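Chains here go by letter, A, B, C and D, matching the order in which they are written, and residues are numbered from 1 within each.
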Amino acid sequence: MRPITAGIAIVVVLGSITVTHAQSWRPPTDAQRCPSKWGAGDQRGAANHVTPAIVLRAAQLIKTGEVIELGHVLSAAMPMPATRQFNLHVKRTVMNPQSNRRGSNEELVTSEIGQVGTQFDGFAHQSIESSHYNCFKTDEIATRTGFTKLGVENVGSLMTRGVLIDVAGLKGADILPDTYEITVQDLQQAMQRQNVSLQPGDAVIIHTGWGKLWGKENARYMKSCPGIGVAAAEWLAKQDPILVGADNFPVEVSPNPDAQISAPVHQIMLVVNGIHLLENLKLDELAAKRVYEFALVVQPLKIKGATGSTVAPMAIR
Amino acid sequence: MRPITAGIAIVVVLGSITVTHAQSWRPPTDAQRCPSKWGAGDQRGAANHVTPAIVLRAAQLIKTGEVIELGHVLSAAMPMPATRQFNLHVKRTVMNPQSNRRGSNEELVTSEIGQVGTQFDGFAHQSIESSHYNCFKTDEIATRTGFTKLGVENVGSLMTRGVLIDVAGLKGADILPDTYEITVQDLQQAMQRQNVSLQPGDAVIIHTGWGKLWGKENARYMKSCPGIGVAAAEWLAKQDPILVGADNFPVEVSPNPDAQISAPVHQIMLVVNGIHLLENLKLDELAAKRVYEFALVVQPLKIKGATGSTVAPMAIR
Amino acid sequence: MRPITAGIAIVVVLGSITVTHAQSWRPPTDAQRCPSKWGAGDQRGAANHVTPAIVLRAAQLIKTGEVIELGHVLSAAMPMPATRQFNLHVKRTVMNPQSNRRGSNEELVTSEIGQVGTQFDGFAHQSIESSHYNCFKTDEIATRTGFTKLGVENVGSLMTRGVLIDVAGLKGADILPDTYEITVQDLQQAMQRQNVSLQPGDAVIIHTGWGKLWGKENARYMKSCPGIGVAAAEWLAKQDPILVGADNFPVEVSPNPDAQISAPVHQIMLVVNGIHLLENLKLDELAAKRVYEFALVVQPLKIKGATGSTVAPMAIR
Amino acid sequence: MRPITAGIAIVVVLGSITVTHAQSWRPPTDAQRCPSKWGAGDQRGAANHVTPAIVLRAAQLIKTGEVIELGHVLSAAMPMPATRQFNLHVKRTVMNPQSNRRGSNEELVTSEIGQVGTQFDGFAHQSIESSHYNCFKTDEIATRTGFTKLGVENVGSLMTRGVLIDVAGLKGADILPDTYEITVQDLQQAMQRQNVSLQPGDAVIIHTGWGKLWGKENARYMKSCPGIGVAAAEWLAKQDPILVGADNFPVEVSPNPDAQISAPVHQIMLVVNGIHLLENLKLDELAAKRVYEFALVVQPLKIKGATGSTVAPMAIR
């Protein structure tokens, strides 16, 4: 596509003259990234990888039946941005009048239930300007009560091979430093150390140790975090995974070392490449047991038109 | 326990003299049912069946990797009791000021998220008088913001052998009649016809056809439904399953043919036997494909202190 | 303003050629209506009428101290559009541990509290295209958590002379017909019959009888209603009132007799003239007692950045 | 009532022997306080004072028409206990398809709307054990969706003579000390200094200066506050007011100097005497202008079965 390349060249030339610290990453244009490789109009992105063959491949990794849970408990005490909430209000007993004296309780929850706790990010969550995955436009798909396209109900339950990349382990650290950017080399060395490699359709799960702060140092947990940056994200996207997850709130390093860009990995994964994110995972047990390869199962709630879903994923080996 | 047996005998004798239409079922007393067979203080009931051996047994049923989803889409358009709600409010784009122009959307949900849609019932949901599973008392475990015991976060993700009992299929009916009580004989004949049998730790899934009304005849869906009654529930509980599910809102027949009792199967399963319920399942595909045995995976959200969780279960074969 | 007049003339000419049923009303352009007569940047519109002199004029109408309430009771049983809700969840007793045994109850309400029940419409509620009163633009003043301009907290408590115009009484009807458009002549004849006239700064309250359906025929109440149309609204706006209210949900006739326009009186009052609306009033007692002139007091909740407020106004004479 | 007196005597005698620091106040028994002086079954308490004569008396205090607002702005930034919330979610524009291009905005609020901000406390809010005003029992009147008796909708709009008692002014303090208990003498001296006296049916408004912290030192505002204690409350109750208000969150001193009792003034006013409370008033302007006598108007939202209502009261002189 020569015109586009030319356009980029001009930008770079201008930039080299006028800007001292060039912006480290620019999102691609709609023309450069649409339609997605999964076809025009596709709403599932890399979740299309979940074929019977991929599920069977995952099932065959189950040797002992041991289940390791990867979800944190959901409560008002969990770390959250100030703009989100998780409130649970018990609706105390209705005692039914019949002779068997059946008491019934339930609860009202008011929460950004798609975007709190251990969570699965859908494609309506993020955009470049107002253009989402596969170039669906916010104005055309957003209503007051949900998105008419790209809602998380399109994803479906996922089962695939999970691969843990233990970067904290590689570095011999309990927890990576507060704003550490994980590099491509880190990922490659960690996998080499663990003797695992990635295959298309995998769920890539990155251990930073940050999850140890969950519920203990909530303010620090949300203020910044170690995670992958632009380079590692682009390298990972090329490995063609179904999803990328981590034990921090945005999967990626936060804030980005380049102050001119905001959460670029969200755009690289969700918008550009159609790869879902799995945030706030609880990975301590998986890492401690050195479970590097496993069947990962995650069932996003089928919330019509939602940007994501709180989840309770499991690793099985 | 002779005194209790004697006590029941006396009740029956008195009943036969003084009451014309005897109540068809009476809940056991606390003394008769506590501690549960899973031990005093246990909060998981039959979910304790989920051992590595049980998970492995389920994994070995996966032959092709085909996934069949058993969860309905969650939206305000689904059938619900008038006292429950599901409202999703899109929080439209925040456009971050940095140069990569990242737009971010999320949504607020106000809902009895543990008790709407395809849902998993926990033990805090139901009581006999104010006594729950394992005789935890409502007043001692309920707070405004959740239950301190028996919350659904104690259950964990479940994977086990699922068995579909297609009662609608047995009867040659698309949908069983609106208030049909499924009998023990129905269950046994259906399994014989399907050439399956139950084992301890199974997830028993009952197909009534009622789910075909979901989203189409919501008022009828909620007004009544076919399902198991007291006799079938007590027989099923003896088969020692992890959970019992169906494609209707209460698993059980509603209203109960005995107008003097209200939803007794809820008490038999959740309170007396510690067996979870899985309601509002979407079973059309499973039944149409005659998938009678499969790996069932269900991941209740780990909502601290909640009475249940909306879920998106999957059958895998 | 000759250019504007000319512009309109052209439109009419073109319309007479190409359109069989010409649109009955067109909103003015920004240039035609901004700044408002209350000054550029003003956010209160006709509420600026509430000066000490206006309040004193109202106070002097109080002769007996009789209070007549004009607000309906707020509950889930009131008529509402399907897109709004009013849910009240009791947070049952917290019993404080101290010796005086103080029990405390409260409730969570989830509701479009500015736009349900007897309600006061603010200027952020409505726009022509995306331009509000005094030409504030939606994109510039809307955030996820409120409007930075035109929020109802700017209005303040109102006390002024209220005038009831009993159009149902004029027509000798309990309730005006379901889609009756009240005309200028209706208003004038009703006032003549009642021997009252309007003064600048009045609160004009129109009795249609429609409020008699409240809580009794909710579906009919919301489906349509009698009320003022474009002509009556424009005539009323010229009388320079603080607000216009009625015992129906939109003050105006609904649907508008011209199917090409939607709720034009909302634009005429809130957007063009900066006159607030008072909806879903309970006027039966006021009309039955023939109280045509009174002190009206209405206290919108000072909800920062809100589009309106549920209220409980009172008439005092 | 000799038996009761005897009973109290015994308590005192026993207390003088066995307890070093006697509890400073004990709530009366049901028998001692019910029925209330407003009659068995009454739900309005001192709000029954609002007769035409009382309203007229208030109206006649209006000499200039000056309005002084007494309500704070409602937003998520206001001081609240951690167990309450105020969330406003804008429901951005629906653009109606008709030719007049009418845009419509509204907002969802999730809040304990009866118990946040400037608020009016109703009788369902508080109890002694589980017995409310006029001995209505919590278990008999509470439902999941509201109280069947004592709901704030029973109160009605209030207009009466308001009297400001400026205790901060008496003490020459901007703000009274953080846990200062206002005494009977303080009230009497302040009124003497201001040359005002109380009459039955008044609204008594106490200025402590604490409101100056609102929105500025929220944590301090909620941690403690100056206010009336048991003695001043009992003296005030004898003056027979409609309500008692203040510029702090509980009207009363907090915590109570006697650590064995919790918010006793809430019980004295709401439960024992049927006198409503008006909390979190904004009194700076009233005090600065030395407006000691005025018409007070307050319109609690008519929320069916609610424990209270956020309000926006006004003083008029």
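Definition applied: contacts are C-beta pairs under 8 Å (C-beta built on N, C-alpha and C of every residue); 3 or more make two chains touch, one makes a residue touch a chain.
On a predicted model such as this, the values are computed, not experimentally measured, just so you know.
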{"item": "Chains touching both chain A and chain D", "value": "B, C"}
{"item": "Chain pair with more C-beta contacts, A-C versus B-C", "value": "A-C"}
{"item": "Rotation angle superposing chain B onto its copy chain D by C-alpha atoms, nearest 5 degrees", "value": "180"}
{"item": "Separation of chain A from chain C, taking each centre as the mean of its C-alpha atoms, in whole Å", "value": "46"}
{"item": "Centroid distance [mean C-alpha coordinates] between chain B and chain A, Å", "value": "31"}
{"item": "Sequence positions of chain B contacting 2 or more other chains", "value": "85, 87, 89-92, 108, 110, 144-145"}
{"item": "Overall pattern in which the protein chains touch one another (line/ring/star/complete/other)", "value": "complete"}
{"item": "Interface residues, chain D side, partner chain C - complex", "value": "23, 25-27, 50-59, 62-67, 69, 71-76, 84-85, 87-93, 95-115, 117-118, 124-130, 138, 142-147, 153, 156-157, 159, 259-264, 266-267, 295, 297-308, 310-314, 316"}
{"item": "Chain A to chain D touching residues, read off their complex", "value": "85, 87, 91-92, 94, 110, 144"}
